[in-house]
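Look at the two complexes coming up: chain A is in both, with chain B in one and chain C in the other.
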Partner chain A sequence: MAPVWLLTTAIFAPLVCGLVSLIVPRRIIGLRVAIALAGPMVAIWLIGSHIATHGTGSIPPAVEWMPTVKLELALNPDKLGLFFALLVACIGLLIVLYARAYFGPDRDSLYRFYPTLLLFMTAMLGVALSDNFMLMLLFWEMTSISSFLLIGWERDDPAAVKKAMQAFVTTAMGGLAMMGGLILLGAHTGQWTYSGLLEQGVHGDGLTTTAFVLIFIGAMAKSAQFPLHFWLPGAMAAPTPVSAYLHSATMVKAGVYLTGRLWPILAAAVPLWPKLIIPIGAITMVYGAYIALRKEDLKQIFAYTTVSQLGLLICMYGLSAYNFVAHHATGSGAEHIGAHGEHGAEGLAAALGQPNLIWDVTQILNHAFYKAPLFILAGAIGHVASRQLPELRGFFWRDRTSRIMTTVLLAAAFALAAFPGTLSFTAKEFFFYQIYHGYEATHSAWFWPLFAAGIATGMFNVAIFTRLFTTLTARPEIHTHVHEAAHGHGNGNGHAHTGHAHAHDGHSHETGLWPAFLWIPGAVIVAFQFICGLVPGAYELLFGWLEPSKYYFEHFPMIPSFSTPPVYMSLACVVLGMGLGLSPVLRKIYADPFDHLYPGFYTGVTKKLGPWAFGLVQRGHAGFYVGAVTLGIFALFAWAVSFHPELIRWPTGAVLEPVGDLLPGYLIVTIVAVATVLMPIVKDRAARVLVLGTAGFSVTAVYYLYQAPDLALTQISIEIVSLILFLLVLSLLPDRKVGKPIYVPIRLLIAAAIGIASFWLTLTSSVGHQPTMPYTTREGVNLANLGEYFLRNSYHSQDTLEVEPEQVYGGVVDRGVAHRTGYGTPGSSHEDAPETRGDPSVTLHKGGGGANVVNVILVDFRGFDTMGEITVLGLAAMGVWTLLRRHPRKGNHQASQPNKSVERNDPSEDPEDDRELVTEGSPT
Partner chain B sequence: MTVLTAILVGLIFACSAYMMLGRELKGVCMGVFLLGHGANLAILASSRSPVGLIPPVLDGSALSRYVDPLPQALILTAIVIGFAVQAFLLTLLVLTWRRQETLELSELAEEQSH
Partner chain C sequence: MSTTILRTASRFIVPLGLLFAFFIYFKGHQTPGGGFVGGLVASVSLVVHRMAMGGKSLERMLPIRERTMIAIGLLCAVGTGTAALFFGLPFFTSNHGYLSDAFDNFEWATVMVFDLGVMLVVTGVVVGMIDALSIETEEPDKEGSSR
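And now, the complex of A and B:
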């Protein structure tokens, strides 16, 4: 299989498995889990086979999809993309198992959960592997949608639905900004793929900077950067498997991933990159860690540490760019990072021998390795006991399960605190070293706050670990005994406590092997932290091949050594953090003030701005609308006149024909005119309908005069139906005489102004003034006369297809076409046919294939418009039907209906006509 | 023919605007329906005078002999959609009468404010 199709299959394998699982009956849980497991397994297997055959550098040839919107199936399986895809698939595999344990034998939840989860997996794999911007955007929005569905998992819980909306609106708005940025970047550079852009290189001009800022807003929203971070803690309303998967390990990394993708392209070319990214990342990092310390719900704590870690990752990309530029301030080639390397950062770094590139795979992997277990265990502990930290005092001593869970949780928290012996320690050292390195290179005073931020973040993380440790392993007290007595030991019914509605992960419990999967996935993942942290060379062996740019590694061994300044920073973190964790300060719960940002925004828009704007334009007075429209038309006309002064002169060639020359025209126009003038004068409702009908039928004749047989036919059929409709509806409406007409002079004045204006607009737009701009298409067709294009292409159009004239022009109509276009018989007829001016060789290709040009336009050239028209008709029909069904006549009226007993028609009948009205009978 | 049509368009627009400024919903709706005819004719007029031309059904004549087919295609769609709007508007009219028992704009506004 071609690589691009192989990878596409890998991307869509989870979704297909999810859909297949839907046809499995709900009670067969084992098979369902097996099918759900197959999704990520197939993806891993296919990606693995791709790596085995093609390595990690080759970019498969793209497959064209929708070239007009620059969408193509272009995949970029480089190291970063493959790493991300494998991360998504592997953690997804464990989450599938965990979800089975989490939901227990709850067949309905599992039935609904797996397809949604696997949809997300497909979307995320797509984001990771896409090379084309538009393709990536599609998958990006798919992740937002699946995240929305999963956060609002408890559909009956209004709070959860609200949080889901909050997350969706925030990320989707960021996604919109990002779309704008990507389109700007693509249009500006002419490259719509990362690989293409990397090869071409970019200039750091204003448009590129704007595009970068827009894209970064999207990344900020997705990766929960301050001040858009609030949705991520809110997303904890989701079931814990979702939190562990989407909102810690994978989806929230999409913004980080995007930043990493753009790093080799934009980081050095756009001077704004470090200036924007470093502060935002640093603030997010400290703020998230601080709030995390002051939460009591386990999931909230870990959500805020996730925010913090995402900030660190973003900050790191800024620092690397800063260091890179600082190193190249005097050198050459700093402008185009991407211009040199075949495979982005790696190639460039090799070419320039710079140690200032980043170590992003390690950082992302490190975070996934401790944060996913933290969430998994938070869910597990919530499952058997509670998620509120104060209620978990001495949880460790409860029973065997609690001891295992606490151990795994604390092991992951140990990594969160970045103690030596974990991969996390190395990752943090890299980060500190980047700060130190930047300071060394430039000695900028701006690095002091950054040092402080780094140490503060580390300190808070250590403090969080300390508090978790001391609380969970505290010797049981009286309080705890009471707690245990109330809820029983083990995982039997420990979740009966209902004090915190959302703090519990209460689901039906079961016995057997499955409950162990509440903590096994966490243990498996966290094991990597310690394997990589303790075994020298293990990381390099396992994951080193995925790292696109590993240039800090030479500086850092896997064990601490006191020779480098970052180690002192780590030491400060540990000492300060331990002290803070044991001390009584900062123990009170602190609510994130940004929690009010979205509700405030939402209320502001829907309750204040919306009604205000509505009241501004929707005054409820017909006079206001008519006046506004009239004024608008006049203003537009005046504006047009300022460009084309001839618009206020009587157009040349506009003459009223003598009556004798155009007798039918005058007759018919007179009839329409009389009917029109009678309309406002006639007051009797039946007479009025007849007058309107007269006008309509006479308009049919005008169409006939205008050589429009199709219009005439349509108009006459519609006119008949609408006349019947009117007569029937009229009987349902009152024939009350209108009271004394008010404001007649003003009404007359406005009406006259509108009449004169529309007369003039019709006249000037119809006679004389040809557009002066040279509207031409590639085919050389003058679009100023669009009708000519349709006339020429209705039957066939000119192109490079060589054909025998006889083949094309057989039959009656065909002969006519041959004459019309002059094809095949050059010079034989019609010198005024424009085509004969060009190349006389016979070049034809398929056109609409119909002689009736109006019909061809409707069904062929503008087929989609016609489909829209049919949709409008259908909607109107549904509207009529629904309205009449839902709002029956008022009771007192119905009581007096003589034919009330007439049954309603079959709803399946076409409601467009008036049957619904008829069956209701006549009013009194 | 174009000048003639333009005059007709102006007349129709004036009359329908007059009706739409009225105080009773039925008349307002009638004005809207009448306006549809005027708008269609205005578009049609842009295909220039049809005198001496033939319908846009290809029969071998020179291109310059056909009338412009594009306005016709536009109007064809407009007629059909106009009918859908008409049916919907009439339904709303009936419903308004059933629920509010008045079609006077001033009375409707009063009921709304209550």
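And now, the complex of A and C:
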């Protein structure tokens, strides 16, 4: 298989598996888990086989998708992309197992959970591997949607739904800014792929800077950067598998990933890069860590440390704008000790002039390696006891499970605090090195706050570990009913998380192997922290090949050098953090003031602006709407005329036919006119519908008369259908006395205005000047209009022999020579003479292959429009059903009952039916 | 609305109408017709059946629910567009050719699948909407049926 298709299959494998899992009946859980596991497994396998055959550098040739909007299936499996894809798939694999244990035997939750989770996996794999901007945007928005669905998991809980909307609106608005930025960047540079842009390079002019700022807003929103960070702690309303996966390990890194994708392109070229990114990252880093210390709910603590770490990662990319420079400490720089003694000479001397970025992917991986376990264990502990820290006092001593869980949690928290012996320690050192070298490169006083920020963040993290440790392992007081107590608390803190009230907590706990999967995935992941932190060369061997920017250190170092500041910064972190953790200060719960940002915005929009705009536009009176629309059309017409006065000239080119030929037309038009005049006079609704129908059927006759059988056929069917629909709807409306018509003169005026406007529009569009087409006939004559183009190309292409393939309109290209024998062209006046064709030296472009131009336009030339139209049509029908089926079917529609069981497996079922099922089938 | 005359007539009207719908769908690329009109004609026939025989009968007659029809139709349409990608051509590139002499050189085109999708969506939407509205008019209580 071509590489691009292989990787596309890898991207879509989880989604397909998710959909397949819907076919499995609800009660079969084992098979469902197996299918869900197959998704990430297939993805890993396919990505692995791609790496095995093509390595990590090659960019597969792109496949065109929609050339006009620059969308193409262009993938970029470089180290960064592959790293992200593998991270998503591998952690996803463990999360599938964890979710099974977390939801227990709750079959309805699992039924709904896996497809949604796997949809996210596909979206995230797509983001990671996309090279084309537009393709990445598609997947990017898909991640927002799946995140929305997962945060609002408890869809009957208004608080959870609110949080889901908050997350969605925040990230989607960022996404819009990003879309603008990427389009600007693409249009400005002419390159629509990262790889192409990297090759071409950019100039740091104003437009590029604007594009960068817009893109970075998107990254900020996605990666929860200050001041848009509030959605991430709110997203903790999601079930813990989601928090562990989306909101710590993968999705929130999308913004970091995007920054990582762009830094080689923009960091050096755009002067604003460090000035914008570093402060935002640094503020986020400190602020998140500070709030985290002052939370009591485990998930909230870890959510804010995630915010903090995301700030660190963003800050890290901000620092990449500088280069390593020689400085007074060169000698000591060269003394850095590498992973093995023999690499001691590497370091600054070798790194001179390289970007100030040290093993960036390692930083991201490191965070996933401790944050996902933290969340997994927070969920596990919340599952068996509570998530509120004060209630977990002495949890370690409870029983065997609690000892295991506490150990794993503290191991992960040990890495959070970046103590020596973990991968995290080295990663934090890397970051301090970067700050240090950034200072050496600039000698700017602005780096002093950054030093302080780095130390403060580390200090808070150590303090969090200290407090977790002292609380969890404290000698227990008498706690007899901790489990029960857990359900009563949790909402009293004032801040709005309600994750505590999850339905799963009410489930009976399982016995057997599965409950162990509450902590096993966490233990597996956190093990890497210590393997990489303790065994020299292990990281290099396992993950080193995925690291694209091995600047400064050619090999992964283990032991810090005591001659440079970074190690003393780490030391300061530990000492200050321990002190802070044990001290009584900063113990009170502190609500993040930014929690009010979105609710304020939301209230402003929905309670103030919304009703105001709604009241302005939606008057609830049909007359107002019709008047507004018709006046609007007239205004547009008048506006056009004011620029082109020649529009209201009586067209001279028109040739009038003899009156005798026009007589049937006159007759029918008279009927239409009479029906139109009757409309306002007739009072009864049903009669009005019939009068309207008269006009409609008469128009059908006009079409038939003037040889538009297609239109006539369509019109007559439409008339029948709309007549039935009208009568049905009218029978549902309450009876209303038709009073005396009001505002008659104004209404007449409006009617006259729209009449004049549409009359002139019709007249000018039929005989007026039309723009010429860029297409020429074989003789080199320009086509008069688009209609002629369609006529000449709907069956065979008659005119475009000399046209380049990309110019062929409607996308109908034949790369070979089309041979056509027999099969006459009924009623077609533009049949190709056989002798003009068959010359193999000429590339002949096929037409649409249909003699019925109308249909060829509908399904071929304008197929895209038609697809949009039928989509809208389908959505409208969904809307009608949703509105009408408020009352459940009963009585004479029992026939629908047997279908219900079939419907349950139908993924397209509407949410209302689904909700019905949930209340029916949930065990609680 | 259901009278003996309508019921009897519908036995002829409905099959013929459906047949005609498929006829104009198949001929649509060469002569007047196409998926959209075909869908409308088919839905009118089905609505006639519903008027004559009632909603239950319509439900029994249709092998799939209307919403499934819409879903399949949209899949057909999107599938036609996507299929081109697998040949390395832009989205919605279409192709056509001719069957052998045995089939009178019938001209096939990939857009026929697309057109079928249009037809299914149109039928599903129209029949589904009218069905839903009819249930609403029939349901509440019998004294309202005189409207």
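One rule holds in what follows: the second predicted complex is superposed on the first by the 541 of 924 C-alpha atoms of A that agree within 3 Å, B and C clash if a C-alpha of one lies under 4 Å from a C-alpha of the other, contacts with A are read in each partner's own complex, and residues count from 1 in each chain.
We adopt the following convention: a contact is a pair of C-beta atoms (placed from the backbone, for glycine too) under 8 Å apart; a residue touches a chain by one contact, two chains touch by 3 or more.
On a predicted model such as this, the values are computed, not experimentally measured, just so you know.
**Student:** If you count the residues of chain A that each partner touches, which comes out higher, chain B or chain C?
**Tutor:** Touching more residues of chain A than the other partner does is B.
**Student:** Could you say whether A:Trp448 touches chain B, chain C, both of them, or neither, answering first, second, both or neither?
**Tutor:** neither
**Student:** Under the stated touch criterion, which partner chain does A:Tyr590 make contact with: chain B (first), chain C (second), both, or neither?
**Tutor:** Touch partners of A:Tyr590: none, neither chain B nor chain C.
**Student:** Quick one: classify A:Phe624 as touching chain B (first), chain C (second), both or neither.
**Tutor:** A:Phe624: touches no partner chain.
**Student:** Give one of first, second, both or neither to describe whether A:Leu732 is in contact with chain B, with chain C, with both, or with none.
**Tutor:** both
**Student:** Touch test for A:Thr871: chain B only (first), chain C only (second), both, or neither?
**Tutor:** After superposing on A, A:Thr871 lies in contact with chain C but is clear of chain B.
**Student:** Contacts for A:Tyr666 in the overlay, against chain B (first) and chain C (second): which applies, first, second, both or neither?
**Tutor:** Once the two structures are laid over each other on A, A:Tyr666 reaches chain B alone.
**Student:** Give one of first, second, both or neither to describe whether A:Val859 is in contact with chain B, with chain C, with both, or with none.
**Tutor:** Touch status of A:Val859: second partner only.
**Student:** Check the residue A:Phe634 against both partner chains and state whether it touches chain B (first), chain C (second), both, or neither.
**Tutor:** neither
**Student:** May I ask you to decide whether A:Val63 touches chain B, chain C, both, or neither, giving the answer as first, second, both or neither?
**Tutor:** In the superposition, A:Val63 touches chain C alone.
**Student:** Could you list which residues of chain A make contact with chain B in one structure and with chain C in the other?
**Tutor:** 709-710, 714, 718, 721, 725, 729, 732, 813, 820, 851-852, 854, 858, 866, 873, 876-877, 880, 884, 887, 889-890, 893
**Student:** Which residues of chain A touch chain C once you look at their complex with the stated criterion?
**Tutor:** 5, 63-67, 71, 73, 709-710, 713-714, 717-718, 720-721, 724-725, 728-729, 731-732, 811-814, 820-823, 825-827, 846, 848-852, 854-856, 858-860, 863-864, 866-867, 870-871, 873-874, 876-878, 880-881, 884-885, 887, 889-893, 895-896, 899, 903, 906, 908-910
**Student:** Which bits of chain A are touching chain B when the two form their complex?
**Tutor:** 620, 622-623, 626, 630, 654-657, 661-662, 665-666, 669, 672-673, 676-677, 679-680, 685, 688, 692, 695-696, 699, 702-703, 705-711, 714-715, 718, 721-722, 725-726, 729, 732-734, 736, 738-739, 741-743, 747-748, 750-752, 754-763, 765-767, 785-788, 790-792, 794-795, 813, 815-820, 830, 832-834, 851-854, 857-858, 862, 865-866, 869, 872-873, 875-877, 879-880, 883-884, 887, 889-890, 893, 912, 917
**Student:** Per the contact definition, I'd like the list of chain B residues that touch chain A in the complex.
**Tutor:** 1-24, 26-28, 30-31, 33-34, 37-38, 40-42, 44-48, 50-51, 53-64, 66-73, 75-77, 79-88, 90-95, 97-99, 101, 103-105, 109, 112
**Student:** Hey, which residues of chain C end up touching chain A in the complex?
**Tutor:** Where chain C meets chain A, its residues are 24, 28-37, 40-41, 43-44, 47, 54-56, 59-60, 65-68, 70-71, 73-74, 77-78, 80-81, 85-86, 88-96, 98, 101, 104-107, 109, 111, 114-115, 117-118, 121-122, 124-126, 128-130, 132-139, 147.
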